[in-house]
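Shared between the two complexes below is chain A, which pairs with chain B and chain C, respectively.
Our next item is the complex of A and B:
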């Protein structure tokens, strides 16, 4: 076991130990946001047949060569082909067929004249233009040919993919399973939100914030409750999570407590890979793995430390498990609205509010940066990376910010 | 009724007619991503009592004034206060109390000396430093005071908000209701994905892609099925959606068909506000409102036109209904990898792939731009805005791109 790793080394150790979830087959209509675990090939052509791009008249070009407003050419309307209609009757020389958008083009026709370029009494049509070859005809297979690999494995399924899968006649699709994350908190002082906080009790908010962090990344949280500060109770809670893909506890890992949790981890067969990361907040993070069982994260108990270590270390692991290739938050370079200072030795994540100003993004501290001050996490749109050995970031300087709040990118204007 | 509106005017007409959904009360644990419909005030202080920021010893500063490594001061350990423990016993002069992180500070104590700055045999503690006033004590209410407005109405609920609500003892919260969107397709040629496509039939993929677009924006799709091309069937389908907040049909609105749908809309009491928007793809969009009933969008039937008009016009309306203030996609300025041309008169939305190159974002056409070519919507990460009156955007020039794919912003590196 290693202790006091740098943030990058800790992340590397975690991702090295993190597998990708096996596939499962689910309904296409439930697949939004999931990561595709198969390459999708087409067993058909799209569109399936030559069809009309417009409402108009299918013609043989030879019959209307040279037609114009001044020199219109009149043809009898032999029949009508609606969308989804039958196009087995060929178009004979000297005939036109009324055709609607999406309707199959009949054999013999080699162009469609759009309605706006004709005049008609219902029996006969006067063609006012001379169409070019295959004008207004969408060719069978112009979008997708039989055998085409239409979507690559690893794609994150969006609405366009859902529509395409439906178009290909697919009702189910293989995606990576969602990781199940067992969550537990430890501490005699903790109560559930609807219980009394008299006598120094505090609400076990971590299971709520951590469950929300799981959901936000597409994982499936399972809440195991609050373990009391006895080895028996903690062990029992941990054991209840052994069937999950990831086991996340909070509290019980600080200097004074750690021996206690380590004993429990050993008893349940968890090989501890490291304890302690050179970051603030969140130093006392424990990471281990149970052979044939879950990844195990012991997060510190302070509300901000728990969320921060989840954000930096559990979230990328969950993204990898889920099949994602880009594991991390968007980052931006932001200009500091105030000078920040710290001691060297640990990388600090500073909770910041973000604001666009001119062409720049400006970052400003989101209030009390104590590891217990959860309010800052309701205000923070980003986490500013204050590197390990730096002691000052001056007002006006630029720094890297991890953007937590997707809404930051949303716009108040449509772009047109 | 107006026809052939510009895109901005159409959007304005839609948003003017769009209300905000009324509130509903839901469990905090289900509130992630919802928009808060109340201001959250605190009925308590956080932390609830003065408590220790470290594992260590509560002392009276006067007893350890001048202590140092060379001149340590020894005190008896009178008792221990665990997290969640009882701090009613005052600390008498000349005593120390063992205290754990988060535990309440006893009356009389005015500093906590952290464990690393002491030596102890379990009975007595040697203090090696002289603490400053209230050192390592977190003051009651330092994060939140009773009566503080902690979260503003209109906030999009993230994991930090969920944790804060739990900390405040809230188990339910008021949020804007999710709009219910009734979806129907019309067309004799349409079949469900698991049905045969022989004889020119095509899969009704629009209800799948549009349902996914609804879900992606936090709305709740209700699929009403495929209406056949008879006035009776279309009317019956529309009527089935009258209880929804938004009614979205696809197909049946192009030039040849429109009278037909207009008759149905009139019969069900829908006041049509406009028909036709000067965009491509997607011109024949119908928008109306049923008094006391849903907003009504008649989208064109081509798969890309349906998705595009949803994206540009239905999505912002759904964002407004849901309570969001920023209604639109992120936009970026992107450099064109190829020259684009068009006729003047309509605003084009060009489906593009995006790539970062140096400091720039480069946009490249995502394949066949036909309104029937859905494959482009599986590849497009953005929609490039090709303004109405422009006829050429030259390779190397910059243009506005609406970013569809949130994953575009995700990063392959952690930022530290």
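Our next item is the complex of A and C:
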């Protein structure tokens, strides 16, 4: 077991031990946001047949060559083809066919004249323009050819993918299973939110914030409850989570009580890979793996430390389990609105609010940075990375910020 | 292919419902999961029934028809091991998202919501299994994931494949006698369909009975 790893080494150890969830097949209509576990190839052409891009008239260009407003050319309307209609009857020379948008173009026709460029009494049509070759015709297979690999394995399924899968005749699709995350808190002082906090008791908020973090990343949290500070109770709670893919406990892993948690972890067959990461907040992080069982994360008990270690270490593991290739938050380079200082030795994650100013993104501290001050997590739109050996980031300097809040990229302007 | 995926979603959030379709179907001569019953493949029929009761619906093993993947349902492959019911059960428990897992084999097309709800409501045990004159119905039963998975997995690895042996090795409760009659008064819910003759008999029997209560299909 290693102790006091740097953040990058800790992350590497975690991701090395993290598998990818096996696939499951689900209805396409349920697949939004899931990660594709198969490459999707097309067994058909899209569009399946040449079809009209306009309401108008299918013609043979030779019949209307040189047509104009001054010199219109009149043709009989031989038949009408609605969308989804039958276009097996060829268009003979000297004929026009009424055609609607999306309808298949009949054999023999080599252009569609849009309705606005014609005049018609219902039986005959006067063509007022001379169309160019295949004008207003969408070619069969112009979007997708048979055998095309349309969506790669590993794609995150968005609305466009759902529509394409349906177009390809797929009603079900293979995606990676979502990981189940068993959550428990430890501490005699902890109570549920609807219980009395008299006598120095504290609401066990971590299970709630951690469950929300699980859901936000597409994992399924399972709450195991609060374990009391006895080895027996902690062991019982941990054992209840052995069937999960990931087991996350919070509290009980600080220097003072780590030995007893370590004993329990060993007892349930957890090989501890490391304890302690050189970050702030959140040094006392434990990571291990149970052979044939879940990954095990012991997070610190302070509300911000628990969320921060989840964010930096559990979330990427859950992304990997879920089949994602990109495991981390988007980052931006932000200009500091104020000078930040710290001691060297640990990488700090500074909770910041973000705003756009001129062409820059400006980062400002999101209030009290204590590891117990949860309010800052309600305000933080990003986490500013303050490198471990740096001691000062000066006002006006640029630093990397992990963007937590998708809403930061939302806009009040339409962009057009 | 045009399958409406509008089945009512269930409300038992702490229970997973599993259709086991991985059987060899040797005696039937065709895949039992595809066998139509009242115009629907058996696997789809049971999946729809489960989707009316629970949120997490799985189909385990085999190649069920796409239509069986009703809204939210998911198809997972069997775990490694010899092809047998125990492997199907282990696969179901591995993939289920909740601690209580209702398992229904695809060759029980007449299973009723009343019987399944009775399994869920029965006083807590590792397994709750109906038992009638034909014996124990281990593939129409409720299992608690954590205690059963460890034992079932070990037995699968050791080659102890009989489900009866598993039921003897865990804390199993039985619904039988009057209790079973109360939830299945016509005695049809556990009709096992393994052969074309049994299918014909089941269809005839079902035609004589009242429609299934709560069947979202």
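The rule is short, and it goes like this: the second predicted complex is superposed on the first by the 416 of 416 C-alpha atoms of A that agree within 3 Å, B and C clash if a C-alpha of one lies under 4 Å from a C-alpha of the other, contacts with A are read in each partner's own complex, and residues count from 1 in each chain.
Operating definition for what follows: contacts are C-beta pairs under 8 Å (C-beta built on N, C-alpha and C of every residue); 3 or more make two chains touch, one makes a residue touch a chain.
Small disclaimer: the values here were computed from a predicted structure and weren't measured.
Once chain A of one complex is fitted onto chain A of the other, the partner contacts of A:29 extend to both chain B and chain C. Of the two partners chain B and chain C, more chain A residues are in touch with B. In the superposition on chain A, contact of A:169 is made with both chain B and chain C. Of the two partner chains placed by the overlay, only chain C lies in contact with A:177; chain B stays clear of it. Once chain A of one complex is fitted onto chain A of the other, the partner contacts of A:377 are limited to chain B, with no touch recorded for chain C. Legend: residue contacts after superposition of the two complexes on their common chain; A:402 is shown touching chain B, with no touch to chain C. Contacts of A:85 after superposition: chain B is touched, whereas chain C is not reached. The contact surfaces that chain B and chain C form on chain A in the two complexes overlap at residues 29, 169, 171.
Chain contact summary for the complex, chain C toward chain A: residues 1, 3, 5, 58, 66-67, 69-77, 93, 95, 97-99, 145-146, 149. Chain contact summary for the complex, chain A toward chain C: residues 22-27, 29-30, 169, 171-172, 177-178, 180, 220, 222, 239-240, 242-243. Across the interface of their complex, chain A is touched by residues 7-8, 11, 28-29, 32-33, 44, 46-49, 51, 53, 55, 82-87, 100-104, 115-116, 138, 142-144, 150-151, 155-156, 158-171, 187-190, 193-194, 197, 199-206, 208-213, 215-216, 229, 254-257, 301-303, 307, 312, 316, 324-331, 347, 368, 370, 372-375, 377-380, 385, 387, 400-407, 409-416 of chain B.
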